[in-house]
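Note that chain A is present in both complexes that follow, paired respectively with chain B and with chain C.
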Partner chain A sequence: MYRLDIWRDREQIYSLEALRCKECSHVGYYRLRICPHCGKAKGFDKVTVGREGTIYDFTVNYSVPREFERPSILAVVDTANGTRVRGLMADARPEEMAIGKSVKFVFRKIREIDDVPVYGFKMSLKG
Partner chain B sequence: MLKDKVAVIGAAMIKFGRLFDKSYEDIIAEAYLKAMDSVDNGMESKDIQAGWLGTAMGGLLMDRELITGATLSYATGLEGIPVTRCENLCASGSDSFRNAVLGIASGFYDVAIVIGAEKMCDKPAEQGMLAEANKEGHTIFNYGITAPSIFGLIANRHMHEFGTTKEQMAKVAVKNHENGTKNPDAALQFRVSVEQVLKSPFVSWPLGLMDCCPITDGAAAILLCKKELAKKYTDRPVYVAGIANATSSKTENLTEFASTKLASKRAYEMANMGPEQIDVAEVHDCFTIAELVEYEDLGFCEKGQGGRFIDEGRSGLEGDIAVNPSGGLLCKGHPLGATGVAQISELFHQLRGQADRRQRQGARTGLQHNIGFMHDRSVTCVSVLTV
Partner chain C sequence: MKCFAILLGQLFIKGILRIGVDMLLKQNVGIVGYGAYVPKTRIKRQDIGSSWGLSLPPGERAVCSYDEDSITMAVEASLDAFQAVDKYGITPGNMGGIFSACSPVKSMDGLLNVILAKTIGTPSNAHLFDLGHSHNAGASSWLASIDAINSSRVNYALAVISSGETAAPGSELEPYIGAGATAFIIGKESTLATIEKTYSHAGFLIDYITNGNVIRAYHQNFVEDQGYAAFVSESVTGLLDGTNKSVADFGHVIIQAPNERVLGRIGKRIGCKENQISGQNILQSIGYLGMDSVFMSLARLLPSLSPEEDVLMVSYGSGVSTAFHLKITSKAREEQKWDNLVKDKKYIDYPTYLRYQGLIEKEKELR
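This part shows the complex of A and B:
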């Protein structure tokens, strides 16, 4: 099974690149032609998500397919430039998790597809 | 104006559950026959001019990505009628209904049928709903996301911002299970206590198993016609006063559903009513937290007061608004495409005073709410029905 979305979205995934709308300045971690916030197609400036953020929300998911760590912790993180990013936590225990804690983005193997590893970012608690 | 131009004249759901002995075509046929039987003065199949079929996840759940509307006519014997198959996440059934209402209100059809059907139990969960985590959507960005995890995020943030408690969420399950014991078509028919809900194993923290609706098969059907024809079929038609669909990708705020706020505003405006006029509501309680957030988004209470609304018993059968007298998704089950159609079926019977032991006394106005939420986008359908 080929997954070309990884190649198309390589800058977003591997450079942690977000888009800032030239019209309304809304920043989103997506790859779109038209700003979903203001509906204008004035183009975007590429901005970095940054390497760190603060936990806005999280859930501890015990009900996941076998290939996942169980539990698998899903976090939503706000970074300094106002980007909200969702991702899996690495090396975190459920009891350590709390809204407001600081995290850093880390480069990790996310999954395997047909025995080929797929890399991306996860989030890890700081300190 | 669309208000009151379309009447619901028959509606039914089949008993939801793990229907291993019934095929997709079987449950479509069963819902069809049961809805036809519910028409007071009877209806002939040749009266039906068009159909809509709501099924959400044929590919992942049945290995049948291509469903086609022709499956409705094949399974029901309604040979030749035009049928559109509708996928719109968990609101597929409601959106099928909305399109049928528009078809009749436009004057193009006189009588139409809506069937919602979903087979969710043929595969084990690991290959079915759980496989959303690794088979559905983007390789990286949607990896690891399941339905309970989305609502787990919503629950955790709602608790953080508004002090909502797990006990308040549990009370939704307690209320809906009490109602569910009075619904012979519900998949789950047993009472639960707050303590039992709190002690149920975590699915996606803070949500436990009893905070989650069960995975079931199911189907439901609705017969509708233009209002001038309604009295031919029944002395007690139910009218569509308002109907709306709203989509949203502004899902960054995890304590509200923007699509629900928009859709309900549109439906209330069309019906020229507000939440204070609603007697009975069937809302999308896929998880307990969803019902609390919906009290707020539908205007039943102020933002952040959903927990208090259940604490004060205001959504009980005798409360301000009887919410989910059917037992909701938590007890009926949530066979995606069938869900919205079954909600409308419940309101059809409530507004005609036929809901037996779960009847909201004197109900004259009902609201139906059905939301689909996937990854970072949502779609909500809301209907307001009256007698």
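This part shows the complex of A and C:
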């Protein structure tokens, strides 16, 4: 079966769902109980992350676990509604990467756990 | 009553009534929107041929990257289809059913639909059908969608066909088999093309077997003669039987065939002229897509067709052939930009291809 943490995060992983704080409108991609921005627990509205964004920062990792492709590029992306999302890049070479470039979200296999593929969204450079 | 039964029996014996599944559609069921996805990764036929000492015709095939399989391609094709019809108010929330035909994925048989439904956001009460295990499964997903709409059980259905099979290394199929996915939104209103008639012909033939996600074919000459050529001819004859049309009346003919040579041969056998046959460029640039073969050709063809044109589409797989008569009703919307889909390419060599497909694995270090 799927690992429990993947099942718990299913709305974020598959539906790209983010939470907007009812108090300060800060949008966070991960499951939250207390807003990390204003520190209050007034509840959250569900919003979607969107499927496009720009690269805020990235890192190229040459020392990766066995099941990942080398080099593995991890990017931090800002989407149009102000959500900051972290994810792996797909089909990108290190020399193509630059801060500020536009990316789109693509559905890919992230890794395998006990021979069972785990899916999710990666980012791919546009154009 | 008894006389009537005897008469009917005699008609069957004389072959006047054909035995087969013949469906003439009374309602205007057709394609409302469609999307397609082709992986960026390509390998040239010559690269495969040179590794095995073979001389092969020029061409290339799309292959799944290390992080792609038939599930990810199906999701991308579906998202593409909904993006195209979004402005017309058709969303995943309208879908009453998902009929997906998908080549096997390691450890994940029959799980495509739950992942697809969750990712694209279809309602929780949508019917989910997982089809597969044959190169005719794409046609089955269409037939199931048509039936669901004809019976008024659903208003819109999503037929997703995704093929990402891997051929055994060194096999005859290896240089030709490709990867790709298409998604068709089937409905009754504002259609691009209506499905006028379908006909299925079934017999006994086992031609391809899959072991995990590796596909193996029985001897190609046998599969071509006794499979493709024989069954395709029968289903076309059955489709045209009782109508006043002949193959020459169709502007475009799409036939499932594993390579260009077989496509030409079958085309000739059913009486097509060379300019009627579509799909050669798909075979040369993407490869043979198995269950998605004819549907990818249709997605390629639709933007270039004008209203009132007729299309004959014949699918075949494992002893079943299904023929469709489509009539174009309105111009395909311009959102479908085929060139964008196939121009972005990344070539890989043969060892990289073997690694991406999981056919060779890195040695686990001893520690």
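The working rule: the second predicted complex is superposed on the first by the 125 of 127 C-alpha atoms of A that agree within 3 Å, B and C clash if a C-alpha of one lies under 4 Å from a C-alpha of the other, contacts with A are read in each partner's own complex, and residues count from 1 in each chain.
In this section, a contact is a pair of C-beta atoms (placed from the backbone, for glycine too) under 8 Å apart; a residue touches a chain by one contact, two chains touch by 3 or more.
Because the structure is predicted, anything quoted here is derived from the model rather than measured.
**Student:** Since both structures carry chain A, what do chain B and chain C do when superposed there: clash or fit?
**Tutor:** fit
**Student:** Can A:P117 be said to touch chain B (first), chain C (second), both, or neither?
**Tutor:** A:P117 sits against chain C, while chain B stays out of touch.
**Student:** Chain A residues in contact: does chain B have more, or chain C?
**Tutor:** Counting contacted residues of chain A, the larger count belongs to B.
**Student:** May I ask you to decide whether A:Y56 touches chain B, chain C, both, or neither, giving the answer as first, second, both or neither?
**Tutor:** First partner only, chain B.
**Student:** For A:F44, using the defined touch cut-off, is the partner it touches chain B, chain C, both, or neither? Pick first, second, both or neither.
**Tutor:** In the superposition, A:F44 touches no partner, neither chain B nor chain C.
**Student:** Could you look at A:D9 and tell me whether it touches chain B, chain C, both or neither (first, second, both, neither)?
**Tutor:** first
**Student:** Once the structures are superposed on A, label A:R66 by its partner contacts, choosing first (chain B), second (chain C), both or neither.
**Tutor:** both
**Student:** Does the superposition put A:D91 against chain B (first), chain C (second), both, or neither?
**Tutor:** In the superposition, A:D91 touches chain C alone.
**Student:** In the superposed arrangement, which partner chain does A:F107 touch: chain B (first), chain C (second), both, or neither?
**Tutor:** second
**Student:** Which value in Å is the smallest Cα separation between chain B and chain C when the structures are fitted on chain A?
**Tutor:** Between chain B and chain C, the shortest C-alpha distance works out to 7 Å.
**Student:** Touching chain B and also chain C: which chain A residues?
**Tutor:** Correct list for chain A: 66, 110.
**Student:** Sort out for me which residues of chain B touch chain A in the complex.
**Tutor:** Chain B residues touching chain A: 126, 130-131, 133-134, 138-141, 143-146, 148-149, 152-153, 155-157, 160, 201-207, 249-250, 252, 254, 376.
**Student:** Note which residues of chain A are touching chain B in the complex, please.
**Tutor:** 3, 5-6, 9, 13, 36-37, 56-68, 71-72, 74, 76, 84, 86, 88, 94, 99, 110-111, 113, 118, 120
**Student:** Which of the residues in chain C come into contact with chain A in the complex?
**Tutor:** Per the stated touch rule, the residues are 40, 65-69, 71-72, 75-76, 79, 105-108, 115, 118-119, 121, 346, 362, 364.
**Student:** So in the complex, which bits of chain A are touching chain C?
**Tutor:** 10, 14-15, 51, 66, 69, 90-91, 106-110, 115-117, 119, 122
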